[in-house]
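In the two complexes that follow, chain A is the common piece, with chain B as its partner first and chain C second.
Up next, the complex of A and B:
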């Protein structure tokens, strides 16, 4: 019964059109009097220029079938379909559809999407003084273009997936075939396919949904907004994930050391870069331990303070009414407040907050005798030190883990600090990134991977890719055979 | 035959080094001097060497036993002695290791109580320590190896750096005359030393967890040599720094040595050192408890995560029940004696028994 069947199909399409028609930005009209064809589209999703210049002038003539229109239009990717969900998708992604009300069940979809996107701008959270100044934007295609420009090889492969019942977010899994471990790629793809969620707004959603330990405060995938950094990660054999609408790409597997790596490290000489990387590690250690050690020593182990330092501390702390713990927590909270208040404010107001909070409040607190100068210095240096991490996500963790340390320092002194450190280490030892150990190369100890971890050796020493990523092809470049002739002075 | 652990749970052979050092180099470095000096006075360092060398022979025997058995000790016991007697022997070894864990556990709490917090309740510290042990052992063997490794890189450099301070005030003449004691005296001193070097029996349980296990033997020897060297160095320094009378009087000479350190920003280093030694106590307890619970799993097919909770609670309870110095000392003395029998009687016996049995099988 072809007639009934087509009538059914028609009514499905009609239902869809009525449903869409409830929105004010949905247009449907016929081309001219008695035309068998109707046009329907969302005017907020299409580009008027395409419709007015490329479509309407051509379809003004009389046509009898959709195929004829299809042949006339000089636009790629046209399709004729009678699949209702397909038609709906086309409509929602900026297509015009041509349809007839007479018997024919098919629709012609003509893509005319209006793409709103930001210009490629300079990186803001991973700014570097030297080096490229491009950053990813919200458009997936632009981002892929930025990466492809840096790795112009066919082996750079992109797998596209769709996630999110409502947002229908396009996700791209990018890797270099032949270098990236296929286990890693499969793990990523499987985990993304397993995501059940309605709306994916940003790649950090994905990052949280596919990490190994979802309760860990530590980020287990690195996120970057720099195409140069991402290209370097891909060339190393890592897998990258883009999400449409997100200006950051995530990448893995990573180790903790990756979060201490700034791309600038690769742009400066290796010994300078290594020194700064070590500085960052020490800074983070200081940031985590400084306040708690202060609390522990001043509360329980005042014997440890040398006499000269003790006199200084007595002058500074003599009139403070609070125990060191309360003093430290108050000051740490004040700094957290300052941070949190300034985080989402426009720059101009943010500066005011900094001046009022930092300078006025800090000075006043010391003069009023609420906190000691020494602690103020310790806490402020600790806060400053936590900013040295190149990846923003990690500095949040460092902010957070200071507090359990302070609490245990109050309970058990230095033993408490050690206990807290042991708990932290137990967590880090168990953590994995896409199934690869997170503390590598320290544990499991891989001496060869130290060449680009807490230090960075010159490029000539980086002939092999790191073991952690399990790259298929470990050889970055063929090393020249060492010269046989031994050197001598003035030879 | 019980299944061997999967490849993904195994560790590289060189990690055995850290495991052995973790088991041997623990809280013993603080207090071992007195017992040995009591027997041989200024020749105590020779006793350390003798004990260290004898340990290498025992380690060699352990490897011979395990290489032939190619599985852990519970399986080897079953093959050699049958299910009943073999199981009993395995259980005895497990109880021995768990008691060692209790001994380390309680000794660390005691150190904290004596040196840092005199008012600290034992149960309070036991609660914290046992939860730490739990989070490590529940992570499996690799995490236990991880704490051993981390503890090694955190504590051993500090141990050697701290020797710099007493070296400014040493008297070489304290070491003279060398070899001034009888063989019997040396033997009794070495017996005392062996207790400090104990703990490597855990090898019987973690052997199947090592990749290409027979090749790890050299790392075991390096590990034992490293521990012996550390004990030797601190012994020589203590002998030269203290007089014999002082050494006989002090329970924790190493900590007394740490007290003299004076950095421009820090004094009384033993507070910081003892806090850091948490890692050193923790790793020993973790290996002992991991090995014990692993043995229980092999013997009774009880889930390790369940027996772990039971064992940790028992450890903490026993530790709290040991109220004072005398009881801890008593436990240590008994364990010293037992470990002597385990090292020098039981392991050689097992070695020869296995050898004879395999020869008999070949001839028949």
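Up next, the complex of A and C:
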């Protein structure tokens, strides 16, 4: 035993090693008998191949100082340090440390991390039939790689931050310098720095912590799992936030229309894309208003029903023991149950649930005289319509806000629907995304921004970036003056 | 926090205390047609057709009628209410009938409640019945599940093309407007069908005369833009040609001074020959058909106009057109002058189609 062993025992490093040693996966041993150097690492964090091929064969020789080992090892990013928190971080991120029990308690950290990661797969929630099929994975570096591949310019800047007292999650704020407004970037960085939380599991945690209105059901930052979509958002001048361990990136500032935008819109011809975007908007409006309008009209405004529909409605409602309100709420709840059950179950069982719930339950409910066919059609179409939103978060909101509409339709009829709609609109008008108006370009009215909102004009008309983001450089590309074509008799 | 709580409770109390009367669709009995017969000087008999819809899929509605005698429309409705199984509601009223006898005694009293009511739609059709309204409404017609449905189809899908907009609100507008007299279609029961018989002419709210169904086509042609109407033309050698109106336009021109106004009515028709089996279509024949068509129609229109002027009624709304032409229009003077105002009819016909065989 070396004579200054007890001095080592009292050092900070020894305390750290003892603390780590309480875990079963922590190893510490000397290189060979009577070697002055010891190795310590978490065996669950390092890659055995690196240790066996690149480290142990080399350090078998006798060395007298850590510097000598450092020179021999053919591994980048080696460091010698005596800073205890630093050593702790290195140990926790998959480094081996070499230490000696004599003299100064300095350590050589050798990185040999074992990184477990999923292969880049196809997008699940934002699937598109045509176009790129890459989706983000849980590894931050892979995700950044996917984005950099699409924007290979030095102006694409990454600011890394650490959030979470326990999780120590790496957060990357990504933006294109010179395009993104520095106000937006600073707001994002400031808000992330202000986060006090122990464990950040996903970027949606961040999204909730840094949004403007934390009580609004509406998401104010868009989340995407598509690198192509994110690259487009960055090029537009938005700021993106990645969180290590999360396969979705969030981005802002956005407007409500962004949530109706599928990336597929940019992959098809502008007029086709515009038609489908309008369809989505109408579908969502229908989904929110259909059931409540049914309740209001059947309870108060029978005068509005056309003559030919009247007998159809009366005969289908005739045997139902509930008033329209109860009937609608029961059926809506049944659909919500199906939805929730389907979402919690694996895909294969989920399909069975769909068949059992949709077909068996629906048919049985009508035959038993508990609901009318007409309402069943209305509710099912409404549910179907709410699935058309490309961003999953928004379809959840639509599921929710249907219910206040139905309640007010029962209390006040169509006036109630109008009142509820007015509340909804005033709430949306008040919302902001990173301080930028959420309902732009509708309010404040920015006619030029309509080029890519409820409709999408061709790329040649998209020469300017949207006003809402306040991009530093508004010009996307210089538009050439169209060449005047000489008319020719042969044409 | 307390303020927040106060306001939310306040809102909830406001919302839940304020209860409007619900009118759940299947819990009320919808009056589809309503009609009135003349009983004596101050009593009328009302018949309401309110079909009952049994529950189930693919079931036919059942006929249900309620008849009562009373002084006013609402008095009758109240009496009818005492018999029905559910509350009677007039929000889906589609047809409003008045017997000819009653029309001779004035209809203003009957239409007044309709004008005031908020739940009467804009598509309530109105007609004068030749004969008993009760009989027409309560008859079991073989070609429709309920008489109300037959009547609705008949008025909405058929009569609309023959008569210029026979709705209650059009009637009230003409009645209330200054220089136009109302008109209504006359329908009646013929064996086991409902039949259109002509156009009833009113002076203010009193029935004063009628046009035959043939004349009513001419009336519609000179009254508004049309897209329908079949006409029979007597050609040379007593041969008949059937023509159809594809579309027509009408224009009123007023000239002269206020003391001596002249009115000319110009109609241009684009038509087609439908049936001309006995006439060979060649060369100038088409021109002759056009001329004949226009000559015959203007002759009928002039005859019709003479009738209007004799009865001192103005269903075409000529007074309205004259009024809009002159500044400081003298209403009283116009009333006296109307029977003597010269009205000329011109018709321009263009036949564009004679069928596929030629």
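Heads up, the rule we're going with is that the second predicted complex is superposed on the first by the 471 of 491 C-alpha atoms of A that agree within 3 Å, B and C clash if a C-alpha of one lies under 4 Å from a C-alpha of the other, contacts with A are read in each partner's own complex, and residues count from 1 in each chain.
In this section, a residue touches a chain if its C-beta (ideal position, glycine included) is under 8 Å from a C-beta of that chain, and two chains touch if they have at least 3 such contacts.
Bear in mind the structure is a predicted one, so any value in this text is a computation, not a measurement.
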Partner chain(s) touched by A:305 [first = chain B, second = chain C, both, neither]: both
First, second, both or neither for A:324, with chain B first and chain C second: second
First (chain B), second (chain C), both or neither touched by A:412: both
Which of chain B and chain C A:430 touches, first, second, both or neither: first
Touching partner for A:314 - first (chain B), second (chain C), both, neither: second
Doubly contacted residues of chain A, that is, touched by chain B and again by chain C: 300, 303, 305, 412-413
Parts of chain C lying in touch with chain A, wherever the complex brings them together: 15-16, 18-20, 22-26, 28, 30, 53-57, 59, 61, 89, 91-92, 94, 119, 121, 152, 156
Residues of chain A that touch chain C when the two form their complex: 297-300, 302-303, 305, 307, 310-311, 313-319, 323-324, 369, 373, 408, 411-413
Residues of chain B touching chain A in the complex: 11-12, 14-15, 112, 116-117, 128, 132, 135-136, 139, 142-143, 146-147, 149-150, 262-269, 271-272, 274-276, 278-279, 282
Chain B-facing residues of chain A, complex: 300-301, 303-306, 309, 412-415, 417-419, 422-423, 425-427, 429-430, 439, 443-445
